[in-house]
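Scroll down for the structure; my scribbles are underneath it.
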Amino acid sequence: MTVLLRVHDLAVHYGHIEAVKGVDFHLNAGEITALVGANGAGKSTTLLALSGLLRPARGHVEFDGEDITHLAPHEIVRRGVVQVAEGRAILTTLTVAENLALGAYTRPDKGAVAQTLEEVFALFPRLKDRAGQLAGNLSGGEQQMLAIGRALMAKPRLLLLDEPSMGLAPLMVQEIFRTLVEINRLGLSILLVEQNVRQALKIASHGYVIETGKIVLADSGENLIHNPKVIEAYLGV
Amino acid sequence: MLEQQLLNALTLGSVYALFALGFTLVFGVLAVINLSHGAVFMAGSYAALFLVTRFELPLWAALPGAALFSGLLGLLVDVLILKPLRARNAPHLIPMIATIGVGIILTSAAQGLFGAEIRRFPEEILPAGEFTVGEVHVRALEIAIVAIAFALMGLLLWVLRGSQTGRALRAIAESPKAAWLLGINVERLFHVTSFVAAALGGVAGVLIGLDFNAITPQMGQPILHKGIAVIILGGMGDIRGALIGGLFLGTAEVLAKGYLSSQMGDAIAFGLLFLILLLRPSGLFGRVLERKA
Amino acid sequence: MEAFGDFWSTYSTLVYSVGVHMLLALSIWLTLSCGLLSLANAAFMGIGAYVGALLTLNLGWPFELVLLAAGAAPALVALVIGAPVLRLSGVYLAMATLAFGEVVRVTALNLEITGGPEGLNGIPLATSGWHIVAILALTLYGLHRLRRSRVGRAFEAIKEDEVAARLMGIDVDRHKLFAFTLGAMIAGVAGALNAHFTFFISPREYGFENAVDILTMTVLGGTGNLAGPLMGSAILTLLPELLRFLHDYRPMVNGAVLILVVLFLPKGISAALRRPPSQREDTPGTASTAAAQAAVEAAEEPATVLAIQQVGKHFGGLQVLEDVSFIVPAGGIYGLIGPNGAGKTTVFNLATGLLAPNGGRIEFAGRDLAGLAPHRITRLGLARTFQNIRIFGEMSLLENVMVGMHHHLDYGPLALLANSRACRAAEARARARALELLSWVGLAHKAGMEADELSYGDQRKLEFARALATEPRILLLDEPVAGMNPAEKTALMAEIRAIRDRGYSVFLIEHDMRFVMGLCDRIAVLNFGRIIAEGTPEEIRDNPEVIEAYLGREEA
């Protein structure tokens, strides 16, 4: 199995605060890997550093054999690492269609982009119905679909997802996770950051538990779900 | 006579709008009030004068030359001053203060190089034609000014509406972070925006210089204040608002000068502006765009 | 002596100008020190100058009286326009004050009584060096006293984080208005002083360029201390004299100074000359831990501290809270849990008055909180911390905590100016209490450090101490253990229990179940904007709906 993403000793600081204290993990091509942990554990910080929006204090990130640690964010997107940020980062003053068009910002081939758009609409038919509306008028679930669809427009090789379940009703969470599994079956690798532990680990091949900026557990998703330490950490039983 | 006044209002208003457009574009995209925009306007006007008198370029060639020159000034300000401040995450008032400094430097440089006295374009190079429609006296120059201003504004609006770059700029205006994650090179578009905005400001400077045929180092100051009035009227960062606000202010000013005293016109304009800020800080037409991190 | 006479006849105007510019720089320093960029001070100076000159010329008032009136007039104007103008923030405020300045200038240009564009001529030379020295000294002394008082701390807190300042019980709007008005007064007096040694004034002297000049002086010197504006104005007034050889290019120096300072000395010259802040003198004395009165009289406490009744909240079309009701009993530790995005922090924002509910009622100790401003709610006895820690990073730990005591320090302005015994005693008590609170959370030995230099865990503890300083009856903690390791969490549990044992009620939001289960007496569970369970930790633990909300459904 080929390793697509390898993170080595990554550390990120905010001023005097060390939010991520040297984490090591990797992700195999074609798999879903989950990064779970409590609020403030450093999950989002890690993702932002992977996308180049935060500068790591040390360590490096290797994507498909290339060191991308110090690349600018848009260069990282060009290499195929695309993030759906926390809170969905939908552009509310643009229409749904414009949001999707911007997803393909890095791709010059218009024909191919049009084809991807059809694929995205096939995956999320609701987006097609609402293409002309302002994205700010969508419901929470629809915004999450738009965020994922927009990321797919870039034809990513690795999708970084930050808490796709946040603020969504349980049924909508189910739908989003089903979609993620489907996208993954089509060949896309996914790094999933979640606080919805059980859901995330259920669909993940591998999982890492992060606590106060450090990886404390690493195992297959299946094993982690049944690991009493994980249950203890999350339910306090 | 009202028709004549309205023609003057259209000429003045279209230049105000052109000036304010660049001003509001920078605020929308870079979230900076660029108080050197007035000085860049003045610099554009001197650049055209210099090209016409020193190199004897025709006006149609001097205009793009002046646009290029002021655009480069804007780019320089962005690269040398605004970029380091962005990197440091300076509070948003800090870049504004720095651009005040730029304005002072440019104004004083112009005064040193060209003197404080009024300079004029040679009469013979100005478009000479004029004709009368009904009772309205129309100069070819005025038509050219209005045409150029509207053409440039139309072009900008079209780019912002329909092109991928335009969408990217609107994405940055809402959230630079989201824009980065879409693969947009936000820094480069900051530079492009600074260049384009300053170039538009420079062209506006040339047009005003031609309209009144008077250029002074201080000419940037009043237009800067009017630009501020316009973008507050139209809503800060709102492109269409700047267009309408510019025409509105031009009309108000011409009519006030025509029917009241010439100075009180300004007092009314700014008093109005002051009231709008208190009652509707988002502008007459706009809404407040709260920018996300 | 003769040489001095020569010097004086040549340079007296310059020396006077330095003094006037110092006053102007101090006037804008005041507003800057609470984070407001106002460009109105040149206009205020103009109002003072015109009022003063007209009183002298037309009514022949004695000069001292003229100065008073010249200070009062712009202060009055500031008071009137301040309330609406100061609602604006950041660039909007700068633009509004700039527009106001234009209105004043153009008005002076058009009125007959102000002499129109010609201005006023032949103003008697009433200003003496002593006037300037005395007024400057008085201003400096007053501002120095202010800076070291609750007001100065409040200014700094407002500058750093307005929301946090409100929640420390500070009436932010009044403080801003005070700074704006006092600044206008100083600028007005400076204007009258200036008018009475230059013979002549005109609207040109009070425009945008002058507002910028004043600002440049303060920015150059730095706003961190009083020496900043003094140095800045001295340098920028004298520099042009030394640079006469530059002729027309002279103003360029001002522009360059502005840019270079902003780029390379963001805190101004005076800060660059100072020692690094971590070695500041705020090192603590010993806390006079005279067992400070127990924060709460348990006997008087009603059984319910906080009652949330059928509260709803939506943002646009997004319903965040729906029909939320629960009761936080007195004297215990109450927990509100739920997945991210469930609406927990919104509950805190409603309770502390940062947001208004769209329906329902929130009662604190039997009192309806509807319509109360955040600082009023804090003063009633409700304090909170934030999920993303909002301490005042550039203030010392001691100052941070003392900001929390703002409304318990009730000395008046006269006591402050006179540095009366009551005032000193109150400050000393506050200081001792602050040190005591810092030692509760184990930070007393770092009291003089800047808060930004603390580690994450210590910043949380500081936020606790600061919240306790408001003497609350109930303490609202927003995810207190976010980002902490197990050892720190255990220590914090003990600390929260200790706080409870001192008589405070605690109401906390938390995501960490283990922490909540081990600590809380009762728990409410919020999911998707609704309360889905309420009860003891045992009841919650066995509730299948809660488990599902938390871990996700068993079978997906």
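Think of it as A, B and C in the order they're written, each chain with its own count starting at 1.
FYI, contacts are C-beta pairs under 8 Å (C-beta built on N, C-alpha and C of every residue); 3 or more make two chains touch, one makes a residue touch a chain.
Predicted model only: the values in this text are computed from it and were never measured.
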Chain nearest the overall Cα centroid: C
Most distant chain from chain C by Cα centroid: A
Which two chains share the largest set of C-beta contact pairs: B-C
Geometric centre distance via CA averages, chain C-chain B, whole Å: 36
CA centroid of chain A to CA centroid of chain B, Å: 42
Centre-of-Cα separation between chain C and chain A, whole angstrom: 39
Contacting residues of chain B [partner chain A, same complex]: 164, 167-168, 170-171, 173-175, 177-178, 180-187, 289, 292
Chain A residues within the chain B interface of the complex: 51-53, 72-74, 77-78, 82-83, 85, 89-94, 98, 101-103, 105-106, 150, 154
Residue numbers on chain C that touch chain A, as the complex places them: 316-318, 339-342, 387, 452-456, 459, 479, 481-486, 488, 511-518, 528, 541, 547-554, 556
Residue ranges of chain A in contact with chain C within the complex: 15-19, 38-42, 136-137, 139-140, 163, 165-170, 173-174, 177, 195-200, 202-203, 211-213, 232-237
Residue ranges of chain C touching chain B (in the complex, touch as defined): 37, 84-85, 88, 90-92, 94-96, 98-100, 102-103, 106-107, 109-110, 208-209, 212, 215-216, 219, 247-252, 254-259, 262-263, 266
